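Following this line, the structures themselves.
Across the two complexes that follow, chain A remains constant while its partner is chain B and subsequently chain C.
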Partner chain A sequence: MLETLPTAFLYLLAAPLLALLPRGALRAALLLVVPVLAALQVWSLPLGNLVQVEFFGLTLDLMRVDKLSRIFALIFCIAAFLGNLYAWHVKDVVQQAAALLYAGAAIGAVFAGDLVTLFFYWEGTAISSVFLIWARRTEGAFHTGMRYLIVQIGSGVILLAGVIVMYAETGSIAFERMELGSLATWLIFIAFGMKCAFPLLHNWLQDAYPAATVTGTVILSAFTTKLAVYSLARGFAGTEILIYIGAIMTLFPIFYAVIENDLRRVLAYSLNNQLGFMVVGIGIGTELALNGTAAHAFAHILYKALLFMSVGAVLFRTGTAKGSELGGLYKTMPLTMIFCVIGAASISAFPLFSGFVTKSLILSAAAKEHYYIIWGILLFASAGVFHHSGIKIPYFAFFAHDSGKRPKEAPWNMLLAMGLASFLCIAVGVYPAPLYALLPFEVDYDSYTTTHVITQLQLLFFSALAFTVLMRTGIYPPELKSVNLDTDWTYRRLLPRLIGWIAGPVGAMFWGLDNAKGAWLQGLIVRLYHAYGPQGRTSQFWPTGAMVLWIAVLLGVALMVSYVS
Partner chain B sequence: MATEMVPHTALTLVDQLPAFQILASFLAAPLIVVLGSRRLAWPIAFIASAMSLIVALMLLSQVMDGTVISYRMGGWAPPLGIEYRVDAANAFVLVLVSAISTLILPYARTSFGKEIPLRHHTAFYAAYLLCFSGLLGVTITGDAFNVFVFLEVSSLSTYVLIAMGAERDKRALTAAYDYLIMGTIGATFFVIGIGFLYMATGTLNMADIADRIVEQGGNRTIRAGFAFIVVGIGLKVAMYPLHRWLPNAYTYAPSAVTAFVAATSTKVAVYVLLRFIFSVFQPNFLFEFNTLEYIILPFALIAMFAASFVAIFQSDFKMMLAFSSIAQIGYILLGIAFLTETGVTAAVVHLFNHGITKAALFMAVGAYVFSANGSYYDTIQGLGRRMPLTSAAVVLAGFSLIGVPGTAGFVSKWVLVQAALEKGWWPVALLIVASSLLAVIYVWRVIEVLYLRATPQGCQVREAPASMLVPMWIAVLACIYFGLNTDLTIGAAETAARGLMSGSAGMR
Partner chain C sequence: MANRPDDNPDKFPALGRALMWVERPGGVEKIVYSLYVVCAGLFAADFLYHKHSYLAIEDFPGFYALYGFFMCAALVVCAKAMRLFLKRPEDFYAPKDVESEPFPEDQLERVDYDA
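For the complex of A and B:
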C-alpha cells in the first residue's frame, strides 16, 4: 500500500484531516506522525520510477527515487518533523495545514521525474508557504506575503513557459540534466534561480522569511530554497556559470548581514550565503562537489532550522528579534542559548559539528578542480559566516549588554525540537559515515584529516578564544566588530579591512541595482495606472460617437486589407 | 446539396429534434405573455429551457462522431428553404447555451425577486426566453439571413433584459441604449455583408454560398462582404476595440442576466464568426488570411493585455469581470487567428470553459448583490467568512479564470499555447502565459478583498440562499470537472474544429 502511494500524498491527504480533528494534542500529534511515516516510507522505498500516471497524453513520473532525490526527501521529512514539533503549541489550523501542504509539495517536487509534475509541486510550495507569512495577520505581513507570492508564482510561470518550449522543441518533459543554450533551458534556469535566490533575484528571501510567524520561519527556511538547490543539482550540474553565481551569492549577503539589526533577517542573509556554497558545488559538478552540495543541504537545513528556532524562541518569549533590544538572555534561557551556540558552531563549521564535515567537501572539490580564486572566496565567506552567524547571533541575543529582560525559558516543545536538531548537528559532525552513505555518489573522503582540522581551527579558534576571554573579563565590546579587530592574527586582521574595502563599492552597486529595479517597477505601475486605471483612457466611458468611429475605422482597415491582398 | 443525405419523409420525433430545439422556447415565450400568470411564468420558462437542454444533448450525441444533421424547416428543400444544420461545432454551443440557461433560471428566480419589480416578472421571462431561443437559432441555422433574424431576436430581447437593471442602477438605461446603438450598427453591417454575398452568389444558404464562392474566387463584392461581416460580428463578439458596449452592459444588467448573457451571447457570436470564417469563406483565401493575421490577431493580443490591465485597476467586482471577459475573448480570437486545427480547437474549448467559468463568477457576484446590496470591493470586503460558500466559489472559479492546473481554464489555455507553439510563434505563447499573470493579479485582488480585509463593523450580511448557491456550485464543479476530465470538451472541440477546417466540405 505505502509503496504505491507517492510520499507527497501522505502530506497532502493529511492536511484536510487536520480540520476534522479537534484542536490540541491529537491534531499536533498528526502533524508529527505524518513526517515520521513519510520518512519510514522514503527509507524503505526501492530505487527507480515507482509511480506513473497518464495526463493529457503525457506520462508523469510521480516517484523517481534515486539517491539524490532520496536524501533531499529524507531531510525534508526530518525538517517537517522538527518544524512541527517546534510548533506543537500553535493552535492555528491554517498554519498547520500550510506546513503539511508545503512539506508535501516540496517532497513531491523532489520526487518529480518530469517537468510537468515538478511545475505542479513547484506552484504548490509557493501557494502553501505564503500562508505561513499571512498567518501573522498583520498589514505588513500581508504585503510581504503578496510580494513573496508574486515572485514565487512568477518563478512557476517562467518554469511552465520553459517546460512548454522544451516540450515543443524536444517532445520530452523528462527532468534530466540540461545544457544551457536554448530558450527553454534558460527559462527553466531562471525559474530555478528565482527560487534559489540568485543575486538580484534574492530580495524575496530576506523580505519574507523574517516576516513569517515564529514557527513559520523555521518551516520556510527548510524547503523552498533547498528545493531549488535540488532542482539545479538535478538539471544543471556542472554548469560553469553556477560557480560564479554561487561565489557572488556567498559574498554579498555578508555585507548586509553585518549591518542588519533584526536577527532573523541576519539569518535570512546567512541562509542566502549558505546557498551560495551549494550552488558553487553544483557548478563544479564533480561527484565530490555534488556529494558536498547534497550533504551541505542536509546539514544546512538542520542548523539553519536550529538557529531560526533559537532566535524564534527568543522572539516568542520577548516579542522582539532586534539585536539592539536583546542581550543577557542566557541567564534565564540557558538551554536555548546552548542550542543556539550549537547551531552557530555548526554553521561556522567547527570541527565535530555538522557544517565542518559537509562544507569541506565543497571546498575540497573547488580546490581539486583548481578553482583557487573560488576556493579563496569560499574561505573568505566562511569567515564571514562565522562573523555574522557564529558570533553575532548568539552574542547579541544572549550576551552583549544586559537588556534587563528576564523571559522564561522556551516552552518544552521548542526545547525538544531544538535539542533534537542539536543532537543531529553534533551527530553528523562526529560521525558523518551514515550521512555519507546516503549521498548520491560513493564517498571516499575523510574530513578529519590533520590539515583540514588545523586550517579550520586556525580560522575559527583564535576568534573564539578572544571572544571567550572578553566575556570572562567582562569587557563587553560596544560593537561586535571589535572582537574581530582585536584578534591579532593576520588573516583576521585583514578581514575587517577587506570587508570595509569591498563592502563600500559592492554594497553600493547592489543597492543601486536594487533601487533602480524598484524605481523602474514603480514607474511602470504608475504609467500603467494612468493608462488603464479608472481615470485612464482605456477604461473611461466612451461616448457612443467614439465607439461608432471605431467601427468605421475598423471597417475601413478591414476593407483595405481585403482589397489589397 | 444535402438532399440525398436526409430523406424528405423525416417524420420520427428524433428527426424533428432540430426544429424542436428552437420551438420549445420560441413558443413558450408568447405563451407566458398570453397566460399572463406570474406564478406560471417561471415554471414554463424552466421547462422550456430544460427541454432545450435535453434536445441539445441528444443532438450532440448524434453528431459527436462527425456526422452532420440537415433539417429542412417546413419541408422546403435548401437552398431555397431554410435549413437547420447540426454538426459537432454548433451542437457543442447549443449544449453550452441551453445548459447555462437551465442552470441560471432557478438562480434567476431568487435574484430577480430582489432586483426586478414584481409587475415585470412575466414580461421578463418572456424576454429571457426570446433571447434564449434567438441564441439557439443563430447557432443552429444554416441560412445566412436566418442568422441575422435570430441575431436580432436575441439582441432586441437582450437590450430589454439589460434595461431591467434600471431598478437597481439607472445607468442600466444608458448601458442598454449604448448597446442598442452599437448592436444595431453591428447587425446592420452583418446584414450588409450578407447582402453583398447574396449579390455575388444569389443564394442565402451558407453551404451553397460557400460552394459558389469557391467557384468565383474572391471578387471585390465577396471581399467587401467579408469585411462587413467580420466587423459586424466582431462587434457582437466584443472584439477589441469594438468592446466598449460590453462593460457597462454587463455591469448594470440584473445579475442573472449578466451571468446568462456573459456566458452565452458573446460565445454564440464567436461561433458565427467561426462559421463564416471557416465554412462560408475559405481560410485559404489570401484576403481572409491577411485580415486574420493583420487585424484579428494583433487586436486579440492587445485585448489580452489592455483589458486585463483595466480589470486590475477596477474597484467593482462585476466591472472587473466584464473587462476580464474582453481579455478572455482575446484568447478565443487568438485561437481562431492561428487558422490551424489546434487553434480552432483551443478557441472552441475556451469558448465553453470560459462560458461556465464566467457563469459561475457572475452568479457569485449576483449573490453578493443579493446579500450585501452591491459588488464594489468596499461593499464586499471581508465577506469571505460571512458568505463562505459564495466566496469559496469565487476562489475556485477564479482559479479557472487564471488557468490554474486542474481547472477548466487551464485546459483551454494549454491547448492554446500548444497551438501557438505548433505554429512556431514563441512570443505569442509567452504572451499568453504573461497575460495569465495579469489574471492572477485581478483575481487575487478579489480574494484579498474577500478574505484578508476586515469585515466592516456591525455587518449583518448572510450567506445567499440555496437556490442561488446550488446553480453557482454546479458551475464551479463543472469548472473543476472539465479541468480533470477533458474527453468531452476536447473531443467535441476537435471534431468541431475538423469539421470547420474542412471548409464548405464540412458542411455536408
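For the complex of A and C:
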C-alpha cells in the first residue's frame, strides 16, 4: 500500500489525526512517527514516475522519484523529525498541524513531476508555514506573517502565470529543464527566485524567520528555501545568470550579519548566504557543481537547524535572542553551547564537520570552470560566514560580557534534537561516503587532501585572528539594540509614505470636486422645489376645476374643427 | 566578565564549572596566545608541503591566511560603516514588527539557577 501512496499524503493525512489524539506524549509521538515512516518509504521506493492521476484532462505526476528528488525528500524527512523532536514540549495543535502540513507540502513539491502539482504544493508550503509565525500570537507577529504570506502567495501566483503561459505556448506542463528566454520561463524563474531569496527579493526571509515561535523558526529554516533550490536545480541547471546572482547572495548578507543584533536574524542572513553557494553551484551546472549543491543543501539543513535550535533554546530559557542582552551563558547552558559550536564549525566548513565536505565541491567546480572572480567571492564569503555565524553567534550568546543571566540548561527534548543534529553534522564530515552515494551523479572527489585541509584551516584561523585583533582593539562593532534598514524598508516605509503623499492632494481634489458637485445639486433641488413643490409657484392658484374647464375647451375646439372640416 | 554578587557556581552544571577557567585572570590571554601560535604554525606549514593548486594566486605563500585575515578585517570595517546609514532604533517599525515586543511569556520556560 505504501508504494502507491505519495509520500506527501502521509503527512497530509496525519495532520487531521492530531486533533483526535489527546494533547501530550501521544500527539508528539505521532509527529515523530510520520517522518520516520516517510523516510523509510522514500528509502525503499524504486526510481521512476510512480503515481499519476488525471486532473481536468491533464496528467499529473505526483511521485517522480529520481536521485535528485530523493535526496531532498530524505533530508526533508530528517529535518521534520528533528524539528518535531525539538518541539516535543509544544502543546499548541496549530503549530503541530502546521509543521506536518508544511513538511508534507515541501516533500510533495519535491516529488512533483509537473508544474501544476508543483504549484499546488508550492502554495501549500506558503499557507501552512505562516501559522508557525502567527502562533507567536502578538501584534508584530501577525503583521510580519501577513508580509510573509503576501510574498509567498505572490511567488505562487507568478508561478501559476508562468505555467499557464507555458501551457498555452507548448501544450506541456512537464517540470523539466527550461531555457530562459520566453515570458513563461522568466515568470517561473522569478517565482523560484522569490522563494530562494534572490538579492532584492530576499528580505521576507530575514523579516519573517526571527518572528516565528521558538520551535517554528527551526522548522521554517529547513523547507521553503531548499525547495526553491531544488526547483532551480531541476529547472534551471547551467543557467549562467545564476552564478552571478548566487555570488551576490553569498556576499551582501554577511555585512548585515555582522551588525545585526537579533541572533536569529543573524542566522537568517547567513542562511541567505549559504543559499548563494547552492545557487552558484546550480548556475555552473556541471555534475560536480550540482552534486555540490545537493550535498550542501543536505548538510546545510542539518547545521542551520542545529544553530537555530541552540539560539532557540537560549530564547526559550531567557526570553531574548539579542546579542546585546546575552552573554556568559556557557556556565549554566554548557551543552547547548557545545551543540552551538558544533553547528558553527559545520557552517564554517571546519575539517571533520559537514560543511567542509560539501561546500568544497562547489568551490572546486567554480575553479575548474575558470570562474576565478566567483571563486574569490565564494572564498571571501566562506571566511565571512565563519566570522558571523561561526564566531559571533557562540561568542555573543555564551561568552562575551557576563549578562548576569543564569538560565537552566535546555529541556531534554531540545538537547536530544540538538545532539542528534550534531551527531549527523560530524558523521557527514568524518565519513562523507554515504552522503556522496546519495548524490545525483557519480562522485569522484576527495575533500581530505593535505592542500585542502591546510588551506581551509589557514583561512579559518586567520579569520578568527582578525576577529580577535578587532575585538581587542575595540574596532569590532558592539551589539546594539537596533534594527538595520534593508530592502524591506521600501515596502514597509517608502511605499506607504509615497502612497500617503500622493493620497493627500488626490484626496483633496476629489473632496473638492465632491463638495462642488454636492453644492450644485443641492442648489438645483432647492430651485426645483421652489418652482414645483407643494408650495411652489407653479402649484399655486391651480384648482382641479381649472383642468376640467380646459379639457372642456379643448374638446369644444376639437368638435368645432371636425364640423367645419 | 564579572560574576554576579549573588552567584553560586556550585549549583551550575559540572561541565559549566569546568569551563569557568576562561574567566580566571589570564584565561583569555591563554586562548589568544594559543591562537597566535596556531596561526604562526599554519602560516609556516605553507612552506612544508607541495600545494595542489588550480590558480596561480594560490601558490603565493600564505595566500589563504592573508586573504582570510584582510578580507575579514575589511568586512567588519565596511559593516561598521554601513551602520552609519542603516542603523535605526529598535522600535522603528513598531507596532508592526516583533523587534521591540517582549517574547510572549507563556511560550517560554524560564528557570534561573539563582532564583
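Please note the rule applied: the second predicted complex is superposed on the first by the 461 of 565 C-alpha atoms of A that agree within 3 Å, B and C clash if a C-alpha of one lies under 4 Å from a C-alpha of the other, contacts with A are read in each partner's own complex, and residues count from 1 in each chain.
Rule of thumb we're sticking to: a contact is a pair of C-beta atoms (placed from the backbone, for glycine too) under 8 Å apart; a residue touches a chain by one contact, two chains touch by 3 or more.
This structure is a prediction, so every number in the text was calculated from the model and none was measured.
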item	value
When both partners are placed on the shared chain, which of chain B and chain C touches more of chain A	C
Which of chain B and chain C A:L58 touches, first, second, both or neither	neither
Partner chain in contact with A:F255 - chain B first, chain C second, else both or neither	second
First (chain B), second (chain C), both or neither touched by A:H143	second
Contacts of A:L180 with chain B and chain C, given as first, second, both or neither	neither
Chain B versus chain C as contact partner of A:P407, first or second or both or neither	second
Partner chain in contact with A:T318 - chain B first, chain C second, else both or neither	second
Chain C-contacting residues of chain A that also contact chain B	none
Of all residues in chain A, those that touch chain C in their complex	89, 136-141, 143-144, 210-211, 213-214, 254-256, 258-259, 262, 315-320, 328, 330-335, 364, 367-368, 372, 375, 379-380, 383-384, 387, 399, 401-402, 404-409, 411, 449-451, 454-470, 472, 475-477, 480-486, 492-493
Parts of chain C lying in touch with chain A, wherever the complex brings them together	1-4, 7, 9, 12-13, 15-17, 19-20, 22, 32, 35-36, 38-39, 42-43, 45-46, 49, 51-55, 58, 62-73, 75-80, 82-83, 85-90, 92-105, 107-114
Of chain A, residues touching chain B in the complex	56, 119-120, 123, 134, 142, 146, 153-154, 157, 160-161, 164-165, 167-168, 183, 528-529, 531-534, 536, 538-539, 541-542, 544, 546-548, 550-551, 554-555, 557-559, 561-565
Chain A-touching residues of chain B, taken from the complex the two chains share	178, 181-182, 185-186, 189, 220, 223-224, 226-228, 230-231, 234-235, 241-242, 244-245, 247-248, 286-291, 294-295, 306, 309-310, 312-315, 323, 404-405, 414, 417-418, 421-422, 426, 429-430, 433-434, 436-437, 440, 444, 448, 452, 486
